[in-house]
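Only one structure is covered here, and it is reproduced in the block below.
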Amino acid sequence: MSNDTTTATADAGTPLRDAVPGTALLEVEGLTKHFPIYGGFPVKRRVGAVQAVDGIDLAVHEGESFGLVGESGCGKSTTGRLLTRLLEPTGGRITYNGQDITHAGRKQLAPIRSEIQMIFQDPYSSLNPRQTVGSIIGGPMEINGMNPPGGREMRVRELLETVGLNPEHYNRFPHEFSGGQRQRIGVARALALEPKLIVADEPVSALDVSIQAQVVNLLQNLQRELGIAFLFIAHDLAVVRHFSQRVAVMYLGKIVEVGDRDSIYNRPRHPYTHALLSAVPEATVTAARDGEGRERIRLAGDVPSPINPPSGCRFRTRCWKAQDRCAKEEPPLIRLGGNREGHLTACHFPEEPTTAAREEDVILDPALLAAEKGTGAGSAGPVGKVDR
Amino acid sequence: MTVSPQPASVRTLDTEPDTEPVLNKGGQGSELVGRSPGQLMWRRFKRDRTGMVSAVVVLMFFVVGLLAPVISWLYGKDPYTLYGQESLDLLDDFSFPTGKFGGMSGEHWFGIEPGLGRDIFIQLVYGIRNSLLIGLAVTAATVVTGILVGVTAGYMGGKTDYWLGRLIDFLLAFPSTLFFVAFMPVVVALFVSPEDETPTYVRVLALFLVLWFLGWMGLARLMRGETLSLREREFIEAAKVSGAPPWRIIRKELLPNLVTPILVQSTYMLPAAVTAEAGLSFLGVGLLEPTPDWGRMFALAGKVYENDPTYMFFPGVAMVIFVVCFNLLGDSLRDAFDPKAGR
Amino acid sequence: MLQFLLRRSIGAVVILILISAFTFFLFFSIPQDPALLACGKNCTPDAIKIIHQNLGLDKPVPVQYWNFMVGIFAGRDFAVGHCSAPCFGYSFANNQPVWNTIVDRFPTTLSLTVGGAFVFLLVGLGTGMLAAWKRGTAVDKTFSSVSLVLSSMQIYFLGPIVLGLLVYSTDILSSPKYVPFTENPGQWFVGLLIPWIVLSVIFTANYTRMSRSTMIEQLQEEHVRTAKAKGMSSRYVFFRYAWRGSLIPIVTIFGMDLGSLFGGAIITEQTFSLAGIGRLAVESVIKTDLPMIMGVMLFSAFMILLFNIIVDAAYAWIDPRVRLS
Amino acid sequence: MTTLTKTEDSPAPTGADPFLSVRDLYVRFSTEDGIVKAVDGLSFDLERGRTLGIVGESGSGKSVTNLAVLGLHNPKSTTISGEILLDGQELTGAREKTLERLRGNKMAMIFQDPLTALSPYYTVGRQIAEPFVKHTGASKREGRLRAVEMLGKVGIPQPQTRVDDYPHQFSGGMRQRAMIAMSLVCNPSLLIADEPTTALDVTVQAQILDLLKDLQQEFGSAIILITHDLGVVANTADDILVMYAGRAVERGSVKEVLQSPRHPYTWGLLGSMPRLSGDVEQPLKPIPGTPPSLLNPPPGCPFHPRCAYTGEVGGDRCSSERPVLPEGRGGACHLTAERKQSIFIEDIQPALG
Amino acid sequence: GGDSNGGSKEKTKSDKDAAQQQAQIPLGDQAASTGPAVEVPGATPGGRIRVYQRDNFDHLDPAQIYVSDEGLLATLYTRQLTTYKTDDKGRKTLVGDLATDSGTVSDGGKTWKFTLKDGIKFEDGKPITSADIRHSIERMYAKFITDGPTYVQQWLSGAGTEYRKALPDGPYKGKHLPKTVLDTPDAKTVVFHFTSPQPDAPFALAMAAYGVVEKAKDTKEKYDTKPVSTGPYRIASFKAGKSMTLEKNPGWDPKTDPFRHQYVDGFDITFNHQTSDSTKRLIADNGEAQTALSFTNAVDPLQTKDVLSNAAAKKRTVIGYQPYVWQMNFNMDRITDKRIRDAITYAIPDVQLVRLNGGSYGGEIAGGLLAPTVPGYEKGYDPYGKIKKPNGDLAKAKELLKAAGKENMKLVYGYANTEVGQKEAVVIADALKKAGFNVQKKEIDSATWYSQMGKVKNGLDIYRTGWGQDWPSASTVIPPSYDGTQIQDGASNYSHINDEHVNAEIKRIGRITDIKQATKQWSKLHHYIVEKVNPAAPLFFTKQFQIYGSKIGGAQYSDTINYIDPTRLFVKK
């Protein structure tokens, strides 16, 4: 087991903002996960599959925070669980530190288990209600045979302190803590093994904003001080923006756009990224009320079923720019002209790289359309587009 | 940033609390020891009067069962002596007790048994002992099997789950009472060569096997369901991510969380096992004379109640109390474990 | 739906075959010779040999099993004559065709169960729901405790007492007996009244407790609250929304109870001397009458499986989520 | 035009009475562990056609308040005192029959989780038609037609066929639309939406919020929008009520509250929200500590254990004296108005970016 | 004494009954054999009778009938060449039933000739001919007849199972017994040519098993469930294990029948009535129970007291001896020392067994091994002091065991696994333990009890059996039970006694054609067996204590049927 600390490659204490460091800690190529569906008559057999993750490529570098956003059911969690090898990939390759762990068994994974850890979404279900905080955090050390100087209990107390909990809570049970505190316990557990990479699956979605901020700050500090790399999964774009240097946008099992924070938030090219950004409610009166500055895109319906994803570009069913080509050809994830290095987009008809005021609102929702028409907010136009 | 473990309860609406309850109580100095969910349950349970009374009564049954030999020694009677035959005036020509109230006397507290003339009190004590022991053994075995199969199926999933599920379906389709009646003799025959006496323990073993064989599926299903839902809980994944082997996950993560349903279920299963045993004895395939047996007393009571109503009273009332208290205990336990599942 | 039924039926048949094999082979592992039963007073080795031949017991056990199974599906020829499918053979004890005996006994069990089930379902659900409705009141407490005490009774204990009280000493009701409904509905009713009462006393309690607790659970469901928020009356919410949800566990238990009762209410039939499937089972066990045991065992298992399927179908009827998935 | 008709100096209602008026509402639950003071002296008003956003963290009593308005609490374990006037009609002590007539008719509610809030056993159409049939005395057939109409209005494609679907056949967004259709079927004057979009994705959330706004314009209902997301309120509501530990700590119009908040808790909320346009270098400013237990809320100002400015108030006023929330625009805090303004401008605003 | 508690009046009555039962039965002539039977006083025709039975009638084919409850039923629907008739004074006579008289003997007792009456018909109106009688005998050689007595077959064609070889397929493949064995010279005459003198032939032929079967209607195996009637009633419907209804047989002519009546319109029999159930119903005497009885269920021992304490119910009872002695058989292959057998005999507390079986109404302590119904029975015969010391003589038992030097010897005791059986076992094991035995109880399935006891290697030391006479003669008790040449699987020498003197005596007495003389000799042999060999400890004689509904008339205990005589019953108006 290598005891190199990650701080060796990334300067401790300095923010790794917008960094594209050279060494990839974790690399994923064409990662695929299909959950089989059984049915049929008279003997049950495989009749189809949920294509939860369908060929994604990504790389997480040492010490960086890589954000993964997307709507519910698009395969974010599945990706996270594939990377931590909680799930067996259907296809593709996962390389950790140059080592292929795509199909490694429990024994083979043992040495790197401690290096990839996970933080979970639900602070209530992620802690065993029957174990004390001490054994929750100490358990992973015990499993991996770690005997830190001063003993495990010592170390657990240290960790509790690190995440901002009272070390005296060692003997308490999870139900005696609030959601935010529980999430800290989860963080301490992940830290116990001194990991190099933490996969955080929506670690703050279940928390109140005030608590969420506490946890985000905590994670951010950890990332900076310990140089831990994060795969940060979230559906809240604002949180991701705050925490991740690089961001990938997922849609229906595929990555549609990936790039550094600045490119994604300020110069998105994929229509879906545009739509996502425009849907985030902002707590500023000006932005919200006066309709200035921000475009307004309303997509119709929900994400299609991953069992029968649309052909070609998966977003085309909800895209206002979709054309015949989109149905036939799957757009590759490439760097478009005018994009920065590392900013890749999968779209045949990319948007202009600006989120500033658009010429038009995109409203695909028939109900909204009807309502807008009824109240005279907009005049009739081609379906899917309403002239302002 | 501590939370008081147990907020002091407020009695009246108007009383403004005068202590600062939330923060940093005992933050320094003595080590904070939290209350485990088990302890909380116990506290909640202690407040439930019905539950406590039932628990005491149930405990008494166990004590009586365990101490049967001591009671017998103190009482100076044993369950095998045919008192009514030794002195022929205790029973009349039709083998009914000659005395009033089924022959109740200072000598024979609950009277003597019609027919063989044994002492009812000590018979009942030993009957309870035997029934309880069998019930306990059956329950224990059923619970262990149920957990084993249920947790395996739930945790392993896939083919294992499928086939264990089919096994359960198969066994559930057995008509259970009929099976008991039909196969008690078979099971006995399997263990004893026809040349030897059937020792009581073989009958007990057969009873045990038969009740166990068709008894565990319900619990297994329950355990499977619980395991399936627990398996989805993220702390299991957390353990996996830190490389815990399956056995450790089952032992340390799953089982402690299954204790609750197991305990509640067992309290319901034990009286069921005891009454099932009694039912088998009624049908003539349970324990045989002269082994004292609660169920057989029950069955005899139903036959002689006209001539000897007293005889029905003791085993019958004891059985009703026993079953009622066990069920109440189960209800209370369930409430204590899960305060939301309303009564 | 059809597919579901078909699939379940195939599964049930497989289970029945397994049960038959299990029963058959287990039975033959007893050292007891079934021929002794048919043998009577002059049980000489020659006589036994003849009986073995007559009953087909001289063949190896797997062959006997095969013949038995063939008989069920295709019918079989016996010395006594042809026995058309479903043929479960002839009783060792009295040479009656097993199938006819079962068909003959079933109406008794059916009447006993249907009547009893009618009472205990109705009363059980009624009291349980009333208790849930009046939760925490004296009514609730009375129902709950009475049902608890009653459910701890055993049929073989309660039966004789009720008989003694209502029949032998007071002549309020007549002794239990079975008169076919088609023959005389009045007597059918009167004759089965006591078994129904006793059977339902014991079962009712279970249903009271069950329906009470599931109703209470359902009343806490969020969609029930929604219904209230829509302005629907408490009664409407109780009977439409909460009740529908509480049906699933009740149907499950009811199906299981019916299945096992139809397969022979052994103790009840024994207690009241009713010649149903349950008595048949006990008799044939006492006599080690293999074909009859096999027949009854399979019949009972069939009933259990049948009701399993019915329950599953009922789920689909109750819960559209099941129906459409 | 403003909802908050009462100004600080004129507590008496002026002109037309507000459509909904809650005065001094207390809701207490007796539980095994003690008495939960879920709502503790809450007052607010709401006029027709306006939207009131109630924000506050989890457990601050938002839902309890609104369930109290509908009278949906279990009377056995709940004590409710205070006044709830709906269109001049007293609701707190009202008989169940009266409430039944109002619910789903004059006042309606949309629940957070549309999957559990819709009965799985009946078709969407039936569930929508039910209150209509009950309150208007329409026939079943008319009810069904109305359900189809409402489904169409909330933007469900092919409402004639979807009306016979069951909730589980709908997607999350569609279910919430069905919930909305159900609550609007009798043209209620008051619509309470309890976190209607929390369970939904951002894109769908935006659809639903737009829909609510449009429908409000059409029906002219008063809306209470409960949420813990200030962004949602900012987009949708006219006025804001900030709740903390069962009490209202600040209220005002959206503009007022977001632009010049007057309570440290509101500052905290604003400071802990990450923004799309904020400075990523700047760490978030979380509120320290955890929400208080309602079994035993802190005395005085319930926020004081987490408040950074208690020192600026003289003595132990914060921990002993309960600050009052003035009628109309204001915050329940012992800090002086000037001090509040200066703290906000100097400490808080810069961090918000 | 053990029966000190019993009502003395009943006791004397049953003593008298026993005396009648054991008297020699004269053979009736043609006059005695003609019908119709003497009217039962007060009898009126009409009405139906409900019958509560515990067990199903497993066999209806007469040839398969050997047990008493089926035998009782058979008196209603089948007729044999001979039968018993009781006169108004209770005297029994063996008379011709289908035959005109009780038979004519010749050839030193080897040849018996019977002539059929006129007007005897089957259910379907066909006259009964000698060919039918012949067929009835011959079909008993067929393989499907596995139950039932074999006396006549063996007398005709050889002992053991030897006889089957004479006609392996029965009459079904066109073969018949030769004329030299069974001859039917004309339609009315049947002649049996036995291989040795058989003075008891008319008695044997009175057994239900020799009932006539119509040749044209013989369905072989199926006949067992649907026999053709010749008696006053026929089987209208039969649902095995559930119910049976009997209705009047139009083919039966009372004028031809010397003892049966046809008062009631029919019987409605239901099975599954445990004795406790039938007794309770009959004591209560409510509704249909007033016209009900049980053919064979005795009063439940647990309810004997109820019956006796209820004056109305007590009036509705009958009691009589059954032809059994319950005895505790010693497996003489295993217990070879007579002292041990004696010790066991002394130790068993007979009175407790009697009590468990209903007290003095269920039985009476036996001193010897011949039942009171068997000619040759001696009242008061008590070589082991069982009647004097009804609770056993443990001191003597211990002494004997000590003398034999087998203290604490292992004793495997088999008992029937029934409710009473279990209790009896407790009592017996308790006593034997006290006497110094190491008792190993072994419960045995009661349904196949005798088949299992009949195995030579049954692995048991002691076990209870009761052998009933087939007709009132010690020749149907002593040879089957104590003939040492008959030890084989399935034989009824349950004790495996093989005493040369006994064997020789059995052979000798069997050849005596003078019944009276034979009876004396049997009695002597009985003494020898009990006192000198002691193959079985006498336990008790069973009594049948029955109760019937208040509207039933004509109920009388029959000592040939050993239950209430069903042919005499009528419904009171």
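A few comments on the model shown:
Should a chain be cited, it is by its letter among A, B, C, D and E, assigned in written order, with residues numbered from 1 in that chain.
The rule is simple: contacts are C-beta pairs under 8 Å (C-beta built on N, C-alpha and C of every residue); 3 or more make two chains touch, one makes a residue touch a chain.
Bear in mind that the values here come from a model prediction, so they are computed numbers and not experimental data.
Counted as hops between touching chains, the shortest connection from chain D to chain E is 2. Within the contact network of the assembly, the step distance from chain B to chain C comes to 1. Centres computed as Cα averages put chain A at a distance of 92 Å from chain E. In whole angstrom, the spacing between the mean C-alpha positions of chain C and chain E is 40. Separating the CA-averaged centres of chain A and chain C is a span of 56 Å.
The distance from the centre of chain A to the centre of chain D, each centre being the mean of the chain's C-alpha atoms, comes to 30 Å. Residue positions of chain A touching 2 or more other chains: 178, 181.
Across the assembly, chain E contributes 445 as residues in contact with two or more other chains.
Shared interface positions of chain C, defined as residues touching 2 or more other chains, are 32, 164, 168, 288.
In the complex of the two chains, the chain B residues touching chain A come out as 1-3, 5, 27, 31-38, 40, 232-235, 237-245, 248, 252-253, 256-257, 259. Only residues 136, 221-234, 240-241, 244-245, 318-321, 324 of chain C touch chain D when the two sit together in their complex. Chain contact summary for the complex, chain C toward chain B: residues 11-12, 15-16, 18-19, 23, 26-27, 29-32, 135, 148-149, 151-154, 156-157, 159-161, 164, 168, 213, 216-217, 220, 260, 263-264, 266-267, 270-271, 278, 281-282, 285, 288, 293, 296-297, 300-301, 303-305, 308.
Taken together, the chain A residues at the contact with chain B in this complex read 81, 84, 86, 106, 109-110, 113-114, 116-118, 120-122, 125-133, 136, 139-140, 143-144, 164-166, 168-173, 175-178, 181, 186, 189, 192-193.
For chain D in complex with chain C, the residues that touch the partner chain are 70, 72, 76, 96, 99-105, 108-109, 111, 113, 116-123, 127, 130-131, 134-135, 166, 168-169, 182.
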